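Both of the next two complexes hold subunit A, though its partner changes from subunit B to subunit C.
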Partner chain A sequence: MRWINRRPSRGATLVLHCLPFALLIVAYLIGSAIRLEANPNDKLLPSLATLADTVNRMAFQPDPRTGDYLLWSDTAASLWRLFAGLGISTALALVIGLLIGLLPVMRATLAPFIAFVSMVPPLALLPILFIVMGLGEASKIALIVIGVAPILIRDLSLSAQALPREQIVKAETLSASTWLIGLRVVLPQVLPRLLTSLRLQLGPAFLFLIAAEAISADSGLGYRIFLVRRYLSMDVIFPYVAWITLLAVIGDRLIDLARRRVFPWSELEGAR
Partner chain B sequence: MTMCRRTALATLTALAVLAVAGPGLAEPKKDFKVAWSIYVGWMPWGYAADTGIVKKWADKYGITIEVTQFNDYVESINQYTAGAYDAVTVTNMDALSIPSAGGVDTTAVIVGDFSAGNDAVILKDGATLADIKGRNVNLVEFSVSHYLLARALDSVGMSEQDVKVVNTADPDMVGAFQTPDVTAMVTWNPMVSEIVKLPGATKVFDSSQIPGEIIDLMVANTQVLADNPDFGKALAGIWYDTVTVMASDTPEGAAARAAMGAASGTDQAGFEDQLAATKLFAKPADAVGFVTSPDLSKTMDHVRGFLFDKGLLGSGAPSADVIGIELPGGAVLGDTGNVKLRFSDTYMKLAADGAL
Partner chain C sequence: MTALTVERVWKEYGDQIVLENISLEVAPRAFVALVGPSGCGKTTFLRMLLGQEQPTRGRILLDGAPLPPEPGPDRGVVYQRYSVFPHLTVLGNVMFGPELRASRRLGRTFGATRRRIEEQARTMIGEVGLEGAETKYPAQLSGGMQQRLALAQALMMQPRVLLLDEPFGALDPGIRADIHVLMKRLWNEVPMTVVMVTHDLREAFSLATRIIAFERTRTRTEELERYGATITKDIVLWPPRVAGQRTMFEIDTLPGRDDPALFAAPSGTTR
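Up next is the complex of A and B:
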């Protein structure tokens, strides 16, 4: 049989799913054991026991200095910034993206500008943001919005423009106003797409969040990583990276779930 | 299926090999790597590499020394701690908290200078240090700035409970000070000299008030040094050759200072300003005198107390004694069974005696 036609069985699929993860863990354990044998205090690849100990300390023991449970207070601070940034971006995308997609006048006014803005590297703006908006929460949220919103706006307006022209014409023959066409024809079709592109922007959003937190903060997941980086505390960094990844994966799944629940029509072909 | 397994095995082996390649094993060798980062007291390393002084001394001992400049100070220390470099420029505090706390036995080969004003506490709209009470203080957390703040607060009977520390990256300090919500800051030069020029900025405490406590070192891996004493001698030779030129009041000295100023992003005058806030040990005998004085033990006791207080000597450290610090002459501060930081006057003495 050709390889292109070979499908793994259910059990084999599960094994194959786990294989890369298992390989990564085994490679880590081997490397860690070798380094720890040469230097029991090595911080680069800490042992599983050290990692477990650190996770316990960060997540389940109050910090002796502040009394906070660091992992949870960091997570709360970061997620708040992330939600605020993504929420503002999504709202902007919905309004501006729809206007650009729907109205030729708005398209002529805003489309080139948004296309231009979306090419500005957001991290290069960071020093300016910090001076204009201060070192507080505003500049961190603004960085996420600047990084994410233009992409969402462009994606939404493009998918609105990609709708078959016939649909619009048909609605017009039924005497629908511009407002009604936007609300009843275009919006239901682009909203699922907005959620999908939001999913794809989760990664960049985390990148901007961590970059902003690295520069100035007193809590947050990125803050903690860049703080303990000074001390090569990989026993903190590894669990934090794993945790951020997990949060991003959960966020991704939740948005997709929401899309399927709220807009079941967007999943007609994929229903299996 | 067998094919799958073989592929998996090959991948596994490759990954394992990658992991093994990490730690450097100490043994007699000929090629050495030195990392340094931009700071007034370390600029001579870059100058020495550019002008052939490094090569001259390496050739004398039949070795090669590769000098690499890092744009990121912390990264250079991490690279050294991970074993990628044999020696690195670092402060006494960071030497104790990063490589030594990370189990890498480290020896201070050269005591180059100490900060005598290069690190400072700066307030906006405040005349004295006491005005810092209740403010947010922007600084690089757990750095020498944080230590300076702790010592400053201590000097007026306050503690860190009286302020709130906000971690801020050092390249953004000057910009951050100009935003309205930043009212107190601790940082180092060249940022300090920029910030004090801003309207409303007052320097209320600086490192000249705790002389000799923030020390800039060239440290090397103790095992590498024990196996290759020539490496230590070459480092001392390079250093004192270079600072002799740099400290001299001759056209060559001025040219060296101008070159180092340009390399650190300022000019000769700016660099000389920073030098004025630095107690440079241009003569090896002075450095030997400093490192063998009883004050060093007191300083390191302050430093390790601060680090222990911040949990930087390891989360399970029972006391500040957990890491032994060996002083010249063999006295040990802390655990004699776990000596990981050593101050040595061996190589500086050789330089003082002209025996290199």
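Up next is the complex of A and C:
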């Protein structure tokens, strides 16, 4: 039988899903064992026991200096910035993206400008943001918005324009005004697509968040990683990276779940 | 008294002349079929009736008044595809027009208004034979059912003119024959004028009261750009079909027997 026709059974699929993760862990354990054998004080690849110890210390014991549980307070600080940034970006995308997608006048006015702005490398703006908005939360949230919003806006306006013209004309024959077409025809049909592009922007959003926190913050996941980097504390960095990844994966899944729940029709074949 | 008047209409895209010198008067409650080869401007003409495109020269009157330059609720439309909204259920699609008309801010109605519209919509859904499918989304319906839904949605607005752009072209023959029966019944019962673009001559002759053929009269390569299509045939069916009345032949299909295979030959003639 040709390989192109071979399909793994359900059990085999599960095993295959887990295989790369298992391989990664095994590779780490072997590397760690080899290094620790050569030098018991090696910090680069700490053993599982050290990692568990550190996670316990960061997550379940209060920090002696501040009394906070560091992992959770860092997570709360970072997620708040992330939600604020993504929330503002989504709101901007809905308003501006729909205007561009719906109205030829707005498209002529704003589309080239947004296309231009979306090409500005957001990290290059970071110093400007820190200077203008100070070192507080505003500049970090602004960085996420600047990085994520233009892409969301462009994606939303493109998917609004991709709706068949027939649907718009049909709505007009059903007595819809421009406002009603936007509200009842275009908006509900671009929302599932907005959620999908929000999922895809989770990665970049975390990138901008950590970049901002690395430079100036007093809490946050990115702040902690860049703080302990000075002491080569890989036992903190590895769990933090894994935790950030897990948060991003959970966010991704939750958004997709929400899309399926709220817009059941978007799953149907031929719905677009 | 005419429902639609088309006066010396030309349509050009840049240098390309698509339609030239179309003049036409359509009686109220007529069922006009536009036929012609691909690319002869049938759909362009329909779009001009719809208000989606403007004639380059000439004018179109609806009940004696110039046609507004954009689509409106006085003209309904059913396309071959994309006629219904994928994010609304069958009931939502049929209620959509009246809801938009009743609520200009939200496009949604509540309470007594909603119940009244829903009742009308359910009656209409029954009329087109979609009972039981009220909560389904269009993507869960077959092609024929989607077109029935599109007809129901358009008819809820009680348009003066119903425009059909190859509405049944993608359906297989059995389904198409069923929906022809429905279309004929709707045309007989609902006070509207119908203009239908079709590729299918048999469909044209079995539904319409009048058949208009668009054709390019000059087809040499160097002439193609500068000469558009015009009306080459204008056939009024004999014996005449009149909406709401029976033809000279008592019935088109025997009651309970609408199998097209049995009655295909007679329904293809000029009956």
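To be clear about the criterion, the second predicted complex is superposed on the first by the 269 of 272 C-alpha atoms of A that agree within 3 Å, B and C clash if a C-alpha of one lies under 4 Å from a C-alpha of the other, contacts with A are read in each partner's own complex, and residues count from 1 in each chain.
Here is the rule we use: contacts are C-beta pairs under 8 Å (C-beta built on N, C-alpha and C of every residue); 3 or more make two chains touch, one makes a residue touch a chain.
For clarity, every value in this text was computed on a predicted model and none was experimentally measured.
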Clash or fit, subunit B versus subunit C on superposed subunit A: fit
Touched partner set for A:173, first subunit B, second subunit C, both or neither: second
Partner chain(s) touched by A:104 [first = subunit B, second = subunit C, both, neither]: neither
First, second, both or neither for A:218, with subunit B first and subunit C second: first
Partner chain in contact with A:164 - subunit B first, subunit C second, else both or neither: second
Contact breadth on subunit A, by residue count: subunit C or subunit B: B
First, second, both or neither for A:185, with subunit B first and subunit C second: second
Subunit B versus subunit C as contact partner of A:135, first or second or both or neither: first
Contacts of A:43 with subunit B and subunit C, given as first, second, both or neither: first
Subunit C versus subunit B - closest C-alpha approach in the superposed model, Å: 41
Subunit C contact footprint on subunit A (complex, rising order): 164, 166-167, 169-177, 179-180, 183-185, 188-189, 263-266, 268-272
Subunit A-facing residues of subunit C, complex: 50, 52, 70-73, 75-77, 79, 81-87, 96-97, 100-101, 104-108, 137-140, 153-154, 157, 159
Interfacial residue positions of subunit A with respect to subunit B in the complex: 19, 23-24, 26-28, 30-32, 34-35, 38-45, 53-54, 57, 64, 127, 130-131, 134-136, 214-218, 223, 226-227, 229-232
Residue ranges of subunit B touching subunit A (in the complex, touch as defined): 8, 11-12, 15-16, 18-20, 22-23, 25, 74, 78, 81-82, 94, 97-98, 101-104, 138, 141-143, 164-169, 172, 175-176, 178-182, 311-312, 314-316, 340
